[in-house]
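See structure below.
Per-chain numbering from 1; labels A, B, C and D assigned in written order.
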Amino acid sequence: MSAPGDGATATWSPAELMAVELARRLRNDDVAVMGTASALPQVACALARATHAPDLWYVAGGTCGVNPHLGPAVPSCCDEDLLRADTALPLTDVVLLEGRGDVFSVFFAGGLQIDAHGNCNLVSVGDWARPALRGPGTVGLPFLALVGRVLIYTMSHNPRTFVERVDFLGGPGFFDGPESFARSGVPGGGPVAVVTPLCTMDFDPATLRMRLQSVHPGVEVTEVVAATGFELAESGAVPVTAAPSDEELSIVRRLDSGGLLKGR
Amino acid sequence: MSAPGDGATATWSPAELMAVELARRLRNDDVAVMGTASALPQVACALARATHAPDLWYVAGGTCGVNPHLGPAVPSCCDEDLLRADTALPLTDVVLLEGRGDVFSVFFAGGLQIDAHGNCNLVSVGDWARPALRGPGTVGLPFLALVGRVLIYTMSHNPRTFVERVDFLGGPGFFDGPESFARSGVPGGGPVAVVTPLCTMDFDPATLRMRLQSVHPGVEVTEVVAATGFELAESGAVPVTAAPSDEELSIVRRLDSGGLLKGR
Amino acid sequence: MDKVVALDEAVARLVPDGVGLLAVGGMHLQNNPMALVREVVRQNRRVARLLTSPCGALNADLLIAAGLVGEIATSYVGFEHLGLAPAFRRAVESGSLRVLECDEAYITHGLTAGAGGLPFVALPAGLEVSDVWKANPESYRLVEDPFTGRQVLAARPLAPDVALVHAAMADAAGNAVLAGAHFVDRAMVLAAKTVVLQVERVVPTDEVSRNPVGTTIPGFLVHGVVEAPGGCHPTASHGQYRYDENHLRTYLARAATPEGAHGYLEELVTGTTEPGYARAVGLRAGAGDAP
Amino acid sequence: MDKVVALDEAVARLVPDGVGLLAVGGMHLQNNPMALVREVVRQNRRVARLLTSPCGALNADLLIAAGLVGEIATSYVGFEHLGLAPAFRRAVESGSLRVLECDEAYITHGLTAGAGGLPFVALPAGLEVSDVWKANPESYRLVEDPFTGRQVLAARPLAPDVALVHAAMADAAGNAVLAGAHFVDRAMVLAAKTVVLQVERVVPTDEVSRNPVGTTIPGFLVHGVVEAPGGCHPTASHGQYRYDENHLRTYLARAATPEGAHGYLEELVTGTTEPGYARAVGLRAGAGDAP
């Protein structure tokens, strides 16, 4: 399919580009953990291992297969296929290790709401006690406050998802900015990137507010601004996200032979 | 061998009789757990399962094999042979369950010192800070305060082992008697029997002091009194411990085909 | 002692009406003990408080759809990539279901505390910054760390009165094997006062004993064993069959309205038996697509 | 990343002199990582504080005999049915070794707390009646249960700076398989900042991956892998060989006096290499009697 509003013909889907963008932000010494519905981060991590980060480790959420062999990537984080892996840990052990803080360096996150300072919310829209929309729940998102780098991704770039402030703080980001983040004394480093079908964003070091890092090929900055429910921090001239290389794309397609990302 | 001071010829060893005596105190609905150097309670539990308590469960200490098949009983509670069993638990799970209090109904115990109220000590003789004898340590004995029934056994019936009061309270029994036991508010029921090469003892309900329940065949009450470092509670006429039946003995010998008990 | 029991008798005897804390095993779309859950609905057993794994799915939503759940302790109820949980969402938004908001750390460590008779569990520094514990003062409190003097987050143990858990197989004494991922099923079994296992097959003990370390559950923790081949449907049974995405989507569509949910329950649960359910959904007994 | 390292280099690089908390795996006469322990003695690494499993044996007594241990946190050091631990007993009775008296619950749950970054662990009601915690106020304190108001026993997390653990096999990335009983070896690996594995064999990854659930350790928790066939001798290696009772009795006899212990160390540890040790004790490389 084509990227939204794309004049030219894109030969990759937004989800495929998102997997590549996430992979580009992983390091060779990372140990990454992901949660619910994690096909996209599964592919991102496996791609990184196949390219610039051969020593990266990743743990697939519920089953806790470690470096699953992805034959192919699967939509459910609890799918037995993810136990075709180098090793596996009991979920109870992974939840313990998430509390150590010094084991997992990357945590993939998302939410029904993601706010200007990278806080995530999967619990409720509106008042928690009588929500307008009750979400599923927060699962492991409170651990975001303990992990080195948080990579946020979502397929929904719209003003309902990208709000000025989350209605329920389930996945801590930078709270209300530098002062509150410092005051919180959390061990984690906070979010480093937000990847969507339209763009990749990071955070302004001074204000810790989200800003455009690059817009995906064929996407206009004005589209992103219109799709975002808060004012993005100033980021000057916005480059276009580098398209997936032929190598990256062929590896993504091999890992995602089921086409979970291709169609999105 | 013969029982100590035995005029007649005994056809079983003291340890074999002890296993039978312990087995007689196990119930069909018991879940028993044992610790270090547990060949004797292993045989006692397997004997009970083979006779009057077919549904009894027992967990063999360190390996945590459940109902090990004893081909044959082994001296080390951590021996891999004990994993030839119906199932097995990780030690960490067994230690958790010991804290629940309502899972294990019987705990086998012993000590360097066992006192008049059934308190056990494996830590130190003399002042803890500068002990005359440093024992190995208390392992799981503090759990005695949580378990339904404690069965104490020792191969050493002498005044150094059987003392008026333990120097270090590592395995709680009845403390200093009824008042202190009640005051402690511990969930456990305390010790119910003490089995030695000379006799089997229980506790006087009024004073919770150890008393003679039966002397083993060929053993005189005066021998027991001389071998015990505190005054036993009055128990009237003391019967002779019933000798192992031919069936009991043949089962013991089958379970202990390595002869660990035969020679003791 | 033979613990093998018929599905209806297991629920009648081991799941009291109004059960204080009922834990349902499985996670997301996998290993939900659905035969047991459906029977709880058939027998109209009310659940004072329901506890899920870190991620509940149909095991919770079906009980909620049947109107049997008063409160739920959970960190997630949903259908992962397939969508939100319709009955859960509707019940919470309408105020008819009280949520004890939990996070994954509490559900996992709370069950461990329940298994260990621990009075409470102190949680890692940093978790206190989320809104979760503020929304659930009954389960979470602050406590002073006696070693550092710092205020840390503490939570109550989770000790289910009854746990309904799926296992691949068990023998008549309740010795069981967990296939594939364990999720928090093992922790639920260790923490619960009464455990009812739903298994694909009842087997001789030696089949359970082949590889005891790390994958088995001893029968002394188990109170009833129900043989229910295919009984996780429409969720997956690790080692046996995958989840039935079409059926799950059908449920989501029908349960989108109270009337639709009612119709689903009448047609496939209260109005029929497990064999009837298996026929209706085209389940080949004891199997689905092998993974 | 290849984590396979020679025995001497592993200790030189990963076990700092004066290490704050060193954990040694194995329990009783089984799975003691003796090749690593002997190398720690050879390199004269002082251990500020040693931590054993609930039941330490030669893994602790040898380090104590070498005079390297300042303090020990343990619930048992002995040789089970073979007798008391001679060096441990002598060092404590003479006042040269400080004991942090622990019970099994603390060592097990304390390691879990270390693995989970938990600030402390609250222990079951009833454990506070023993003298153990009174003898070890550094590790244990009373705390008020924020839910019941009752005073309960609490203990510090156990997070080893370095853990020396035996595994049956591992690949070059540190992915490992625990054979037989796990004791608290898995908990030590989860809780430690640095993990050095001693394995019988270094194998290709697919040998590790055959049955990943419940028996494996992921390499991201492992910092060094030392191939040491027969390296648990004279203790057992589950799945490989039994403990060498004759040698253990020889150690107990010789270590009964300081001079004898010194002679044992000189002859079989400091005065030789692991291959030299294997020859001296008649060890067929990589094997003993198969269990």
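Note that a residue touches a chain if its C-beta (ideal position, glycine included) is under 8 Å from a C-beta of that chain, and two chains touch if they have at least 3 such contacts.
Values in this document were obtained by computation on a predicted structure and should not be read as measured data.
Chains that count as touching both chain B and chain D, per the definition above, are C. For the interfaces B-C and A-C, the C-beta contact count is higher for A-C.
If each chain is reduced to the centroid of its CA atoms, chain C and chain D end up 38 Å from each other. For the pair chain B and chain C, the distance between C-alpha centroids works out to 40 Å. Centres computed as Cα averages put chain A at a distance of 58 Å from chain B. Separating the CA-averaged centres of chain A and chain C is a span of 28 Å.
Within chain C, the positions touching two or more other chains are listed as 109, 112, 116-118, 123-125, 180-182, 186, 213-214. Of all residues in chain B, those touching 2 or more other chains are 83, 88, 90, 95-96, 99-101, 146, listed in ascending order.
Shown here, the protein chains touch in an arrangement that is not a line, ring, star or fully connected set. Taken pair by pair, the chains that touch are A-C, A-D, B-C, B-D, C-D.
Here chain C touches chain A in the complex through residues 27-30, 54-55, 74-78, 80-81, 84-85, 88-89, 92-93, 95, 101-105, 108-109, 112, 123-127, 129-132, 135, 180-184, 186-187, 236, 238-239, 242-243, 291, going by the rule given at the top.
Put simply, chain D touches chain C in their complex at residues 109, 112, 116-125, 141-148, 150, 152, 154, 156, 180-182, 211, 213-215. Interface of chain A with chain D (complex): residues 31, 55, 57, 59, 65-66, 83-90, 93, 95-97, 99-103, 146.
Across the interface of their complex, chain C is touched by residues 36-37, 39, 62-64, 75-81, 83, 88, 90-92, 95-96, 98-101, 122-123, 128, 130-143, 145-146, 168-172, 175, 184, 186-188 of chain A. By the touch rule above, chain D contacts chain A in their complex via residues 1, 112, 115-118, 171, 173, 175-176, 186, 190, 193, 205, 208-209, 212-214, 216-221.
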